[in-house]
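Listed below are the structures to be examined.
Presented sequentially are two complexes of subunit A, the first with subunit B as partner and the second with subunit C.
Let's turn to the complex of A and B:
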């Protein structure tokens, strides 16, 4: 009994920590984008205020699938979080493989897609159709890079891949495979839905797409889901290319650096049309990734 | 024993045909009883691997032996056939109320069932061929009974392609027979060990062609879309779930039971795999990519899922062709899982067609509030198809990935990844356009399907989650098959499978998934209750919106993606085959015109020419 209780507390604690960290990152990103655009920007704690406010508001729903989709999106991303090692917290990552994490993230996307299309708003459907198309764009080169790393280090667990880079900064994949790292960084910008690749949420065009109908607690849960997704994606990048970390503090700092760089680079470019985005991913990242992996294999 | 299981359905078919005239449900009841009985009997055969039976025939003084034997591979396919037949015939009891040809359907369906049992338990090529032909004929009749005008043309195309394959196989069988004097697979295997590589290659492709056709592999996949899309709605699950797999069974016989791979191993190889096996795997990869791209474009939901079947068959063939323990395991696992989730998808679509009478996705929408169970079945099935844990589809895809990465087959892996991520796109399209979104005014009064049609869907849903959490059940038979074909088995337990670079533990994943879901549910429930509003009460940028029909985004759902592949899709392979056929017909016509002049003298000339040729031939020989 005590055992289950501690596990449950552990579970909840890590979820709250990651959500809080993710919201902090979102606040920083808003500030950076504002400064690049010569605005003052909201305070860094603004996302916390937003979430608190949203959970206090009355919301509307469009039927049970709308509720179910939101629950599935948030639940799926929490489940994913526990397979990614966060610094010294290995959680359940010894049982998780990279491929598993990619697919678990898909549960959250599917839940969000289902709930939001269930609202009956065609703008949401358009957003989802764009998001899924773009996903095919960036996942393909990403999986190719993962293929190379798994083949090289003979393990597919994220923890194992991070351990394989132990023993000094020069063992990081950032230095051993700089090309793959740069590609993964570009893909990370696409994954997190940052500027050049944000056609699926395009606020001025399709009313923020997937979240067009969400309000109150629905939007609040979407924000929490987004924040944990950011943590999962950044943690995956840090583990795979920056050698992981021994403790959560240095791990968070590494994630923060990657996040700031991604935000800065992203906000320099105007938005891609959706097929341009996919073509971009398939032209440069995919071809270079294939060449890189062929080098690793032979 | 074994022979009974083949002939009981075939005899019952006549009774089903006659009794069905009295009431349209009787034929299906007979089918389900027979298949339940045979399923029960086959389960009892587990472990009885030495069982064999012969039929001795004497035709015009020639003694012929038809051999049947039980082995793990045949057993698995027998069980799959019987269970698929059972589920579909339960579904059919209610769904064929208004189907004119239901007597013929049940007649053919029972014979088809018997003949597939015959194909999988045959241990000589002659009986395999006989039942193979019976299978093609009966399925041809069932497909041509589809409601659409295109059904007959599609059935014809299916039949012609199958026939071409079947006759090359027949030729190969007789070539072998003329050398060995036996049709038995075991003796053929002995004979093949002593022949030259070229000869063996020719025989391999001749024997494999009908199976590749039936499995819907790349250059001969063109029948799949039409046949699946236009067949009677109850038959599509069987066609896609099971009949494509019979092709895989044949391919397994060719690649594993016959020693072709050993003969060819000495020729060229690529990363430890003979080039010809790699070629099969590469065809699988092309199949996956083509199927995915074309599935995303479809506006007809049955055709969309038909293309998805093509794409998934590519995975299975990739797994089986690379012939590593992991690859074989992954291929077989995916084959079983594909049967389950694809039958579930097609049954859910059949339920939709039963209520709405259309297969065009843009003519539907918002059915979730009218048919929640059908929606739940479809949702579970697509989660499995897209390979998302904790369902069965993820495990098999994961094993195939492990197999591809282990050997470093990058290009196969890229195709597999493409097919997998692409499958999110195409399975979401029917979900979004048929089940979600705005309900059409004419579908306002639709109800959920009758209980008997729900039963198979419940069973399939349970199976998808069960095998997703407890893959050990499937692995126990697969490990038997692995040792039967002389391959190392993969380490497994009830909840875990060991890959090359990491293990899979479904129990932990299921628990954490449940934990995440419960936590999320708590957050949702603890927050303030929300107010329910209608589907038309949405953000419309200030427009007034009263027309549900116009407010549904369904047609050309992935237009930006399709735009990239417009030129690719315009190059239709079907059209290429058709123009080839036309050209051959033109040449034939030209020859006919010059030869058949209608002039008596020229015919006399041909007769003389014929004798002259005969005389010269006789003189030379």
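Let's turn to the complex of A and C:
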């Protein structure tokens, strides 16, 4: 009984921590983008205020499917979070968590797709179809790289892959396989929906895509979902290529550095059309990833 | 002070959060649209006051009516306003929304915005400069924080008055609220 309670508390603690950290990262990203555009920018705590405001607003529902889709998106990403080791917080170190995480991340997107179907807005449908198409684009090279790493270290748990890089900075995949790391970084920009690959959000074109019809509390929930998604994707990157960390503080700092770099790169580029984005992912990252994997195997 | 006591601590807290974070709907009519890009971008940068852009009416809480309103646009403005989620605020820009301005004798523009929608605040000028817009927004933030900006409640209370005025110029209006 006590065991179950502590596990439940652990789950809740991790969820709250990740949501708070993700919102903090979003605030930092806004500030960085503002400074690159020669603006002062909103305060770093602005996303927290936004979430409080959004949960204080009234909200209109578009039926049961809309509610269910929003909750499925939020729940899917929380379920993903439990399989990602955050520093010393490792709940599961089973084999196969790498593949599981990739699958579970798709659940969040499918939940969003369900919500957009419920809202019946054509712009939302365009947005989510773009998001799923883009997912098809970046997952292929990412999985090729991951299978290379799995073959090399003979383990398919994220925890195991992070452990395999232990023992000094030169053991990190960043230094042993720099090409794969750069590729994964480009893919990370696509995963987080940053500037060259943000065709699914595109505020001036399709009105912020999947969240067109979400107002008030629904938008607040989507914002929390986004913040946890950022943490999951960054944590996966840090575990796979920067050797993880043994405590949460240094882990957060590593995530923050990756996030700042991704934001800076993202704020420099204009937007790809969706077919250009997918073509890009299936051309150079895929070719280079296959060459890298052949290099690892032989 | 008495009004503040009535609001209750929780409502006060929500109003405080609302005043710190406003999403503005970028729906531009008339010439005021030109004044907003410099207000948003690096020269004046209103995001430092927590005012950002929203892409759709559902996500927005601030509706800017930036200039004269032809009756055709008024219909869209009313649909947009009724799609927004409470709490929601309307700001009128320039003399055109106050008394018709240079369109005072035009046959197809409306002269006084607050007959059709509850306006929290007018920003005078033809057109107001970005400094004036920022000043107006800061005053709006103060009004929200002290709980005076209650236009959306007023709209619901006097809904017959507003509907009558709207239907006078537009004929039939499709209602969502």
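In this text, the second predicted complex is superposed on the first by the 294 of 298 C-alpha atoms of A that agree within 3 Å, B and C clash if a C-alpha of one lies under 4 Å from a C-alpha of the other, contacts with A are read in each partner's own complex, and residues count from 1 in each chain.
Here is the rule we use: a residue touches a chain if its C-beta (ideal position, glycine included) is under 8 Å from a C-beta of that chain, and two chains touch if they have at least 3 such contacts.
Just so it is clear, the structure is predicted and the values come from calculations on it, not from any experiment.
Judged by the touch definition given at the top, the superposed model places A:203 against subunit C, while subunit B stays out of reach. In the superposed pair of complexes, A:229 makes contact with neither subunit B nor subunit C. Of the two partner chains placed by the overlay, only subunit C lies in contact with A:214; subunit B stays clear of it. When the shared chain is aligned, subunit C comes close enough to touch A:50, but subunit B does not. Using the contact criterion defined above for the overlaid structures, shared-chain residue A:38 touches subunit C, although it does not reach subunit B. In the superposition on chain A, A:192 contacts neither subunit B nor subunit C. Using the contact criterion defined above for the overlaid structures, shared-chain residue A:11 touches subunit B, although it does not reach subunit C.
Counting residues of subunit A touched by each partner, subunit B versus subunit C, the larger count belongs to B.
In the superposition on chain A, contact of A:58 is made with both subunit B and subunit C. In the superposition on chain A, contact is made by A:78 with subunit B only, not with subunit C. Residues 56-60, 207, 212-213, 216 of subunit A lie in contact with subunit B in one complex and with subunit C in the other. Every residue of subunit B that touches subunit A in the complex is listed here, in rising order: 366, 368-369, 379, 383, 386-389, 394, 398, 401-402, 405, 408, 410, 413-414, 417-418, 421-422, 424-425, 428, 431-432, 436-438, 499, 501-505, 508-509, 512-513, 515-521, 523-524, 527-528, 530-541, 551-553, 557-558, 560-561, 563-564. Across the complex, subunit A meets subunit B through its residues 8, 11-12, 15, 55-63, 65, 67, 70-72, 74-83, 92, 95-97, 99-100, 103-104, 106-107, 109-110, 113-114, 117-123, 125-126, 128-130, 132-133, 135-136, 139-140, 143-144, 147, 150-151, 154-157, 160, 207, 212-213, 216-218, 220-221, 224, 273-275, 278-279, 290, 293-294, 297.
If you check the complex, the residues on subunit C that touch subunit A are 14, 17-18, 20-21, 41-42, 45, 47-48, 50, 52-53, 55-59, 61, 84-87. Subunit A contributes residues 30, 34, 37-43, 46, 49-50, 52-53, 56-60, 203-204, 207-208, 211-216, 219 to its touches with subunit C in the complex.
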